[in-house]
Amino acid sequence: MELLLELWRGSGFAQMSWGQAVMIGICLGLLYLAVVRKFEPLLLLTIGFGGILSNIPGVEIATGDGLLHLAYVVGIESGAFPLIIFMGVGAMTDFGPLLANPRTLFLGAAAQFGIFATLLGAVGLSELGIMDFSIREAAAIGIIGGADGPTAIYVAGKLAPHLLGAIAVAAYSYMALVPLIQPPIMRLLTTREERAIEMTQLRVVSRAERILFPLLLLLLVALLLPSAAPLLGMFSFGNLMRECGVVDRLADAARNALINIVTIFLGLAVGSKLSAGQFLVPSTLGILLLGMVAFAIGTASGVLMGKLMNRFSTQPINPLIGAAGVSAVPMASRVANKVGMEANPHNYLLMHAMGPNVAGVIGSAVAAGVMIMFAGG
Amino acid sequence: MELLLELWRGSGFAQMSWGQAVMIGICLGLLYLAVVRKFEPLLLLTIGFGGILSNIPGVEIATGDGLLHLAYVVGIESGAFPLIIFMGVGAMTDFGPLLANPRTLFLGAAAQFGIFATLLGAVGLSELGIMDFSIREAAAIGIIGGADGPTAIYVAGKLAPHLLGAIAVAAYSYMALVPLIQPPIMRLLTTREERAIEMTQLRVVSRAERILFPLLLLLLVALLLPSAAPLLGMFSFGNLMRECGVVDRLADAARNALINIVTIFLGLAVGSKLSAGQFLVPSTLGILLLGMVAFAIGTASGVLMGKLMNRFSTQPINPLIGAAGVSAVPMASRVANKVGMEANPHNYLLMHAMGPNVAGVIGSAVAAGVMIMFAGG
Amino acid sequence: MELLLELWRGSGFAQMSWGQAVMIGICLGLLYLAVVRKFEPLLLLTIGFGGILSNIPGVEIATGDGLLHLAYVVGIESGAFPLIIFMGVGAMTDFGPLLANPRTLFLGAAAQFGIFATLLGAVGLSELGIMDFSIREAAAIGIIGGADGPTAIYVAGKLAPHLLGAIAVAAYSYMALVPLIQPPIMRLLTTREERAIEMTQLRVVSRAERILFPLLLLLLVALLLPSAAPLLGMFSFGNLMRECGVVDRLADAARNALINIVTIFLGLAVGSKLSAGQFLVPSTLGILLLGMVAFAIGTASGVLMGKLMNRFSTQPINPLIGAAGVSAVPMASRVANKVGMEANPHNYLLMHAMGPNVAGVIGSAVAAGVMIMFAGG
Amino acid sequence: MDNGLFLGGIRLMLVGMGTVFFFLTLLVIATNAMSRLVARYLPDPGATVAGPAAEEVAAIAAAVTRYRQERR
Amino acid sequence: MDNGLFLGGIRLMLVGMGTVFFFLTLLVIATNAMSRLVARYLPDPGATVAGPAAEEVAAIAAAVTRYRQERR
Amino acid sequence: MDNGLFLGGIRLMLVGMGTVFFFLTLLVIATNAMSRLVARYLPDPGATVAGPAAEEVAAIAAAVTRYRQERR
């Protein structure tokens, strides 16, 4: 009888707080988005499951020397997991469209305005006394606008680990919502004629250019902004392995076995930060709102930059591809292609949008470097 | 000359104790069982080889900061390796037959009686002064009867790390011996008519049921028995990745690259605990004997439960499938199928036995949770 | 303005020393050798890239708790990475030709003279006051002559971690240069008639021999030279997984996913030791020179041993296969085959050379064990 | 005799088997409820029986048939 | 009002966007220079457009064509 | 001159080469013994020569043959 009582006292039912129950509900919601709505399932499924495990009272897996906590310390605190994922993404990325038309890098630059506008929004809300974010926290929140999961997790792990759960959830949720968030903004800021602009076919890109580009990128970032070099260095490394053609078995490991294994543990480890005490606070609401604003502003900046470039360029530039500058590869490119075809069924923007799309990855990593350097110092 | 003498003194020949020589012989025996008899080769080969490496005097690989000791600390002490393997097993497991006939879960429950009877045997031997097991040690030994390697290693790592080697060897050896141990018991406890019972075909199971079941299992275990939640949580996670259909690349990593890599290091690390000092003690003999008893009792309980259920059920139930409730997936199911076909050549029990078989995995994880909660507290 | 100044001060341009610039140049050279000349690309690409990352001032990836430093501590200091790679190499190695003609082991023994001659050269240079190597350092340098990357990294990590970068670069560079370094020496030491000798076809080797050989190797090395047992133990383990036929999924993981992942991090971690302060010292020049000498002497010893064996053997032995005794599998075998065909177009030495070639792996691991035992004691 | 240890074993056995049965009974009930809810609210026309096992059964059946034909 | 925080935010925004544009401008210049050098000194006859994306465009194009033919 | 270091090097060389030869000689003997025991007690009809290497030799041989035929 005593033992049964002990069993009951040890059970999750008896110990669960309201906050934990709510968090489990939220995590089940993430699983729903992942499985049924297919929203960034690789991350939302793993994060959601990790979140459930970490909100069950008495389960020693997200604390102490439990597996999830171990993964958090080894992989997130050290920054190792986001860097390894960036290497794998590099080994998947095709810089061809960017190399064929390097000017599209400007679109990837403009779209990062969302990051800094959000930073400003976060410090503004703090000034007004509505929220209470420090400059480090504001910087970490802004990176959500970079639309790049590993970058957001890397920066949050460095600048504001206590916000990591909310920032990661916001980043991946909004990345999944790109097809809903972007089109209205794109249509609002462009005329039908602009959206109908057809672009000239991309030139061929040689193997030597593909091999030299990651090295160029590495050297530039290393010399100008060392704080962004871990992220862009691993990204370049993955891409060099992909393009050089002599280490295919390593490139293959980087973009398959390794990135999959790390994704499982990254997701679970991020989920282990979805404890009620850290997530069910007003600042989470602020983060979700600001993240949405960041996406919208980034999209708008990219489109406006596209309009500007179209005006001053001899070659026609469809401003829609500017929206792809937020990253969210390859979803944002597909959105640009789809909106373009609505206005002109012959308008195949997909490849043209891939240029600003991967430029957005570089741009947000550069922005991350600035944040770490100034806010983290 | 001096140097040659030093060479000789440094050699394994000069330093080897009798115990180490015997252990190397035992490990060669494990390799024989693995390679020639094909007894659970994935684990017995790796454990055996690790055992040889750790019993050679002067080899600094199982001690200090050697690779095997490192693997032990990182993977077994923390519980990480068994949990990762459980995730992979989940990503391989088909709950379809269980979902088609959930009552077979009772068979998986009954077969766990072997675990607790063995626990009782272990404390009994201690009461009689023959052995000297504490309640923690007795609990860890009992889990051998769960016929589930990772569960046994997980529990032994928590409750009785000094017995880990013997428990792991016993668990995997007896799992391999299922086709020899089970049939006589099954024939003894059933009539020919019972063994000949044909079961009705299983109903189809929908995708939604398959996706919801691991979540149901997770929530139930989490709320009722948090100490079993790490094991069953990772198991559910693997199964959810498998069934949800949106993260196939992660499920694939979990059941291939990751589980294979972890199995290599788990085996070597368990082998590193096969030192003469810890293995060549009377308690090992006790563990081996009790483990055998555990298997026999578990098999018998499952079969008897099957007879009971057959009496009170409208649908016919062949009691042989109760023997599959000990786990040892899928070997125990094949044994049930084979013994059934001896009595009735039209009797295809394989799929019907898979229900209690995977139920046995859940059942022994629940039993493990009880052990950790009460004996480990 | 202040911030821009800070940006400039934080930039790599402002902080870079001459040494770092030179090292980045050297690392770009390694990348060139890897990508364009296809010199051991798996290692020279990863080492070169790691070297660039670690020579950029302000990049916190090769220091503190950066990813590369983490990989160094976890994988190289502990010896884990070279051992895991040795396991994978074992899972790739075919001992068939060696088993068909075990005498070729003597060729693998003779070629290790290069190791010890280089050791002597290193202490000689120190005696003459030209260099200043301790006996530990000299031993680590000598191992370059073993023409076996993981062995060299393992020994350097134990005996002279501060020389690790230079030793690894020398070892892999010279292994890549085998087709250039070896042929002149081989032609110098043999007559055209000797090079034209055709060897009798190899006998068939049974599965049992293949399975028993790694165990034999393990037991011999364990009993005679425990300090070589970690290397040869993991090598044997990988080979046993390959040959036993019952754990194919583990063997496959060892020689694919696992070895590829570990190679990525091993290369980056070794690269993190290519800091200007440790690499741009006179001793590096000494190491590169001595390494070259080691290769030449090893090749010569193998060929001379081949001539000796040919004189006293009833079966004809082509002395060219002795050059394959330095290891560098399978490059050295291909070189022997090619030089042999120049003298006699019907002379297919490839398979005959594979015997001494894998014997060279065993031989240099044995030599490594001696070094660790006596110099490391 | 240290009755404490043996009694402790008996109590652990009772609580243990009790928990196992209690838990799996709940799981049976919950699974049945879930299946009924799914059948009502999420009907799935493309459902199939457990694949690999089914194939294995089919293979065994085919082998048995062949075996009998050969013996005739 | 703590002007420090807000001013800090504005300065970080200016420096940040400045750095992003400065860096990507340099990258455009460097990439163009690199491409021109490659075209002159390392001509590569077997160059191709970005593979998978090209295939995807082709697939979409084919689908659109089929769709139109079906509507006629 | 620090004879200790140089003498140490010589002694290490002697012991080292001695150990290498001693070890590999033992391995030759043990391997031969093992092979003979296997041939007597575990005969294996399905034995084959080293696969991949054999294929490579065959490929080289074929290439050489083709090369000669072309030159004629």
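The chains carry the letters A, B, C, D, E and F, assigned in the order they are written, with residues numbered from 1 in each.
One rule holds for everything that comes next: contacts are C-beta pairs under 8 Å (C-beta built on N, C-alpha and C of every residue); 3 or more make two chains touch, one makes a residue touch a chain.
It should be emphasised that the depicted structure is a prediction, and the values quoted were computed from it without experimental measurement.
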Set of chains adjacent to subunit B and to subunit F: C
Smallest number of contact steps required from subunit A to reach subunit F: 2
Farthest chain (mean CA position) relative to subunit B: E
Homomeric contact subunit A-subunit B: same or different residue positions, threshold half: different
Pair exhibiting more inter-chain C-beta contacts, B-D or A-C: B-D
Cα-superposition angle relating the copies subunit F and subunit E, to nearest 5°: 120
Distance between the centres, which are taken as Cα means, of subunit E and subunit B, whole angstrom: 53
Euclidean distance of C-alpha centroids - subunit A vs subunit E, Å: 17
Whole-Å separation of chain centres (CA-atom averages), subunit D against subunit E: 54
For subunit B, residues that touch 2 or more chains besides their own: 3, 7, 224-225, 257, 374
In subunit D, residues with contacts to at least two other chains: 12, 15, 19
For the subunit A and subunit C complex, residues of the former touching the latter: 78-80, 83-84, 87, 211, 215, 218-219, 222-227, 229-230, 233-234, 237, 240-241, 244-247, 249-250, 252-254, 257-258, 373-374
Contact set on subunit C toward subunit F in their complex: 94, 96-100, 102-103, 105-106, 108-109, 112-113, 115-117, 119-120, 122-124, 126-127, 135, 138-139, 202-209, 212-213, 216-217, 220-221, 224-225, 337, 341, 345, 348, 350-351, 354, 359, 362-363, 366-367, 369-371, 374-375
Touching residues on subunit A, where the partner in the complex is subunit B: 3, 6-7, 10-13, 16, 24, 28, 31, 34-35, 38, 41-42, 45-46, 49, 52-53, 56-61, 65-67, 70, 256-257, 260-261, 263-264, 268
List of subunit E residues in touch with subunit A within their complex: 1-2, 5-6, 8-10, 12-13, 15-17, 19-28, 30-32, 34-35, 38-39, 42-44, 46-54, 56-57, 60-61, 64
